[in-house]
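The following pair of complexes shares a single chain, chain A, combined with chain B in the former and chain C in the latter.
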Partner chain A sequence: MKRLSQIFGCNLLRPMLAIGIAMLIGTFIILLSNQDPLFAYSKMFKGAFGGFSRITESIERSIPIVLTGLATAVAFRTGVFNAGVEGSLYLGAFAAFIVGHYVVAPSIIHVPLTLAVAALVGAAWAFIPGYTKAMYKVDETVTTILLNYVAILFTAYLVAIPFKDMTAGSQQTPLILDTAHLYRFLPPSRVHIGIFIAIFLAIFLYWLFRRTIWGYNFNMTGMNPHYANYIGINVERTMINSMLISGAIGGIAGAVQIMGILHRFIDQFSPGYGFEGITVSLLARNHPLGILAAGFFYGALQTGATYMDRTTEVPKELITSLVAIIIFFVTAEGLFTYTKQNGAFRKKLENIPGVRKLLQEGVDRNGHST
Partner chain B sequence: MDILHNLFNLGTLVAGIRIATPILLAGLGGLHTMQANILNIGMEGMMLFGAFSAVLVSYYTGSIIFATIAAILVGVLAAVIFGLFGVKFKCNIIVAGIAINLFGVAFTIYLLRSIFHVRGALSHPKIVGFPVMDFPVLSSLPYIGELFKGHSIIVYVAFLMVFLVHLFLYRTPKGLHIRSVGEHAEAAASVGISPDRIRFQAVMISGFFCGLAGAYLSLAQTRMFVENMVAGRGFIALAAIYFGGGTPVGTMLAALLFGFAEAVSLRLQTLGFPSQFVLMTPYLMTVFILIIISYVKKVHSQKRKYEIA
Partner chain C sequence: MPQSEILLKMQGISKSFGPVKANDNINFEVKKGEIHALIGENGAGKTTLMKILFGLHKPDSGTIYFAGDRLDLTGPKDAMAKGIGMVHQHFMLIPSLTVTENIVLGSEPKKNLFFDIKAAEEQVIRISNEYGLKVDPKARIRDCSVGIQQRVEIIKALSRGAELLILDEPTAVLTPQETRDLFVVLRQMVKQGMTIIFISHKLKEVLEISQRITVMRAGKVVGVVETGATSEEQLASLMVGRQVLLRVEKRLSSPGRNILEVKKLWVSDQRGLPAVRGVSFNVRAGEILGVAGVEGNGQTELVEAICGLRHIESGQVLKDGNELAGKSVREIRKLGVAHIPEDRFTSGLCGEASILENLIGGLHLDTPFSSKGVLNKKEIQEFVEKAVEDYGIKVGSVHDPVKSLSGGNAQKVVIARELASDANLIVAAQPTRGVDIGAIEFIHRLIVQKRDEGKGILLISADLQEVLSLSDRLIVLYEGQIVAELVTRQTTEEEVGLYMTGGKRMVVEGGEGV
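Now for the complex of A and B:
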């Protein structure tokens, strides 16, 4: 346990407690709907992990979430609340379609080129809120949320009129060329090499945050911009850089979904990957390797929920509701300091075997809080 | 010219007013939180809860009054959850907003499917909508009388609320407290105002208005509940607040402008034009305004620095 929490750099107690609380609340909700919670949860578990095809589906679902989670985390680390990964994702995805469809090149050039262009487009889009935040202190949360709609509507226009596949009934583009596909290495599943891009980026960011000056600047700016400025970090530049990286990864997330799964741009193709990325990043406390785990957890939850929906009477939206509850409890700083001051509650917690160790670990790790 | 006439006529204006109403209602709520310096992006979720409970109660009781009360109460309840975590337990307020939105979308769909066993949308003859009326006196005016005719009763309520909110914010002690907490929380605390308490109250007021806005969506604009029927209006309301400078009258004007833009885009769509560009104007305009405001502020503060030096 100790090692795990060291690798992920955050203490695991709070997420686990939050998941426990959410599942408890979920149990009550299912009981109130006259269903069997144990049956529903077991079906969900089976749907997420029961056999090769289920596990591969969970992995497939988690690839874009891990990427958007990483994109979000870069900005969060720098104290920039980038809610606009969704916008970068859409524009990056569309750029991937353009390059994937019109450029003719061997696969070895075509794939990286497509990814690179998508990353550039995503970064360019994130530059707008990043620059205005750094230079003029425009609230980046508001601008990114609003610009999301602009990006989504813009691609909706592109796919509805200039680039529409005339043979299709729905709003979608023609297929991209085979050379731009991401190789699916676990047939018959659709798991594609995008997963290695996600893992590579997670490790890269881990290294960046830990070992480089850029990462140091990111962390310092995120913790205290005034202090960062005082010790000579160019705070504005750092914020813009982190938004550029964030947007670039967001663009890659969109491109990976197009090149690996859909093979064309479809209007409204994202079920909210950008926002799922925020969730995952919060669950993992912006830790790149934690996001790998949390992203897979989230993807598994979603595939499990879909399976539960098909096989039981419990709608899959229950799980998304529980995710919202998990977010509340994971991020509630005040709730847990409150319970810590409340000695009786803490004693009770410590009496549960195993929890004491986790509590102590949390104190060791963070120095002050659990 | 024909096209222009088709786009800009009284009919579009009337449609614009109807589209603007839920944005205005939510905006009136959200400007309380904005004045208290809380970035409330949870309005979307609060509206959804309001919309669903309005339909639920209308279906079972057949009473529009009970339905409205339920929508408001549930809207406030959602706001209390948002405030509890966002203000009291010190979640990041943006994160709390994201969570309440997620919860609103998912849980109303869950309830829709478990209670009514339908997917997508619920419409039923048992669902009672808001009554339609003409505004006295104004509706009998020549030509512009059309603007005050045949709206659901809530439309008039919403526009009357603008003045009430204005009075509340600028003419009552509570309104002053809200604004002072937003301006400078420590200063407010030093004269005995509890900032967290005021923030919580502002959040609850926003829940009240969002509940009402939700009821409008499900019982006046339509007479059904559709999955995720708020569809970004909470964020347009946020845009309207910022666009209107955080004042009730400004928010109203912004809501009307956005409503009108959407009405035009709907017309454009029927004429075969791409509507997306018109639909994005509210967002783009607000982003521009925000940038310009901040830019001017920065230039001003720099000037002041020079003057002092």
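Now for the complex of A and C:
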């Protein structure tokens, strides 16, 4: 048990408690629309986990989120607030369309090549705010958010005029070649081998953070740049390196969605994967393996919400609010801090069987943060 | 003066923070009209006890009697109303306001609805005269020296009607002269019927100023002694719990070639104003060059410039003949410069990171700790275990965050890392600040040992005793310039103190080093 919570970098009680409180509040929201909360929640749960098709849909939904979460985490670890993964994602996706559509090669070459080009494009895009942040101290939050618009609107232009599929009514490109597809290994579902790319990258980052010079430099620059500078780490280069990796993974996230699901570039294809990545990364406290879990949780939540929308009378707006509340509570760290400081509240919790142990683990892990 | 009456009685005070017992069944008594010293290492529980007395912490158990009445304090305001005042180590003054404004802040005399500045100033002057605390009521705090600021804090406490004054390490920030002035004031105050609790870990001062001494160790009172009947050695061993060596034992130095040559160095501070102004000196192999001076006279900027953390405006810094200006921190470190920084937790360590990670900082960039960008786990583990062992760093696990360590142990982490690179120039800034006596002894011996191994050491310290007892030669910095170059054996604390405050100045030949 202890192992598990250590590996995933977060304590299990906190998110569970948070989900509980959020659902309690959600109950009132659902009652507000004159619906039966129990029924609505059961639909939500069924939507996310009820059977093969539902679970695979949750997985499919979580692949891009895990990737954008990982992209975000690399930058966050280094103390760079990269809100621009969405931009890298769009440009990477478009690059994947170009390579996937125009290059002719056997699958074994075509797939890695497409991913590599998308990664390069994503990295190049992230380099701009990374460089200005490191060298000129330009606030990266502002630049990355603004550059998102540039990337999204630029691809919107590309797909509207030069690369538009003339046979289609909507703004989309022609299909990419079959050789650039990511293999769907759980038919009839659309779950594709992009999931292994996500898992591989999560493990790779876990290794990178723990066992490499770059990882050490990322962590120290993020936690205390004065210290990093003093021991001889080139803080500026470290920030740029971290943005390059972040952007590359962001580009891969876009490419994976094109190569695995859409098979073409579609205008506005992302419901905000880049921003969902921020949530997921925060949820997992920038821990790569934690992001796998958090990403799946997020994907399942979205899938369940969509299902709830289809099968109940609860208005869509309220469902969106409900999801937001759950995310809000799970992400908020304050709650756990509260249990740590408030003795009475803590004692009550400790009386619940099994909770004492969980709390103890939390303190072991977080005891230093007082 | 009658000293028999007990003014303050703290009985059976206990206070825990989580599993740590900061105060464990403490009994503490102060007689009316005495200066009572409270001494102990960092973390012994002095501050906790005083915070309880000042109403900042609630004790878990125990009672306080003050002037015969039982006290149940609800907060500092309450404590002040009852006649207890406290001057904190870090002053709580507003730099842009005047002395008077700071003193009356929160209890301003009013005339109708308006602030009566006249009455306020009269009040300040009255207290100032009564106790011999000379201040200019109209001066702005930002223009006042640290010594004056401290007086302002004391007057502030007195103006709230304090009968018992707690001074938390009052001399830590003062020059020897200012300390002497403070002692005159304190004696004057006691004559007027004031009672003072004097917290310190400088034993000499405690012996000089107090009538009685309470010694704390690990949350307990381990001794209450009459000042006249004790000695520095006895107090030190009470504090530490074993015999300690107070004198630094060292042979005469036998310096060799120049390791560091600084020539006409100019460095600017944060605001772009010149902080180091044309400084020249040398550090030779096998010697300790001390840099004395009141803090803020260019020491920080000097160190940062040498170590590559700050831009050099003009002049030269030569390490074994290599120009350091324009080189990166990494390049300078590779040339054999180790740096123990003054602000341990700002730059010297990464508090959130583990002890292990902090021990390998900088070293991780080179073999054997890494190769081809990958950290070498086995080498690191061995090195860390050895460092913890060799330096006697008390750790639970090397994977704990470094900020969980005490000041002394945290500093040992810094030192273990810096000395591991085997650099032949060691720049040590405030190496024992906030470190307990046991660790101070260890660090001092280590510095002397490195000197004897033929390394050059540049020692910057605001603690004059430390500079005097460790260094072979010393320079005094005042307003960014060297105002004196002295051979340590041939000078005194008083003389150095005079130079430090700008009261005296040697004609120092420019250009060439010492």
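Definition applied: the second predicted complex is superposed on the first by the 342 of 370 C-alpha atoms of A that agree within 3 Å, B and C clash if a C-alpha of one lies under 4 Å from a C-alpha of the other, contacts with A are read in each partner's own complex, and residues count from 1 in each chain.
In this section, a residue touches a chain if its C-beta (ideal position, glycine included) is under 8 Å from a C-beta of that chain, and two chains touch if they have at least 3 such contacts.
None of the values given here were measured: they were computed from a predicted structure.
The partner that reaches more residues of chain A, of the two candidates chain B and chain C, is B. Of the two partner chains placed by superposition, only chain B is touched by A:P315; chain C is not.
In the superposition on chain A, no contact is made by A:F45 with either chain B or chain C.
In the superposition on chain A, contact of A:A324 is made with chain B only, not with chain C.
In the superposed model, A:F204 makes contact with neither chain B nor chain C. When the shared chain is aligned, chain C comes close enough to touch A:I231, but chain B does not.
Legend: residue contacts after superposition of the two complexes on their common chain; A:V142 is shown touching chain B, with no touch to chain C. In the superposition on chain A, A:M223 contacts chain C only, with no contact to chain B. Overlaid on A, the two complexes show chain B and chain C touching no common residue of chain A. Every residue of chain C that touches chain A in the complex is listed here, in rising order: 18, 307, 309, 328-330, 333, 339, 341, 346-353, 357, 360-362, 364-365, 370, 373-375, 377, 400-401, 403-404. Residue ranges of chain A in contact with chain B, taken from their complex: 29, 33, 81, 83, 132, 135-139, 141-143, 145-147, 149-150, 153-154, 156-157, 160-161, 275, 278-279, 282, 314-315, 317-321, 323-325, 327-328, 331-335, 338. Interface residues of chain A, counted against chain C in their complex, comprise 211-214, 216, 219-220, 223-224, 226-234, 368, 370. Those residues of chain B that touch chain A in the complex are listed here as 39, 41, 81, 85, 88-92, 94-96, 98-100, 102-103, 105-107, 109-110, 113-114, 232, 235, 238-239, 242, 274, 276-277, 279-280, 283-284, 286-287, 290-291, 294-295, 297-298.
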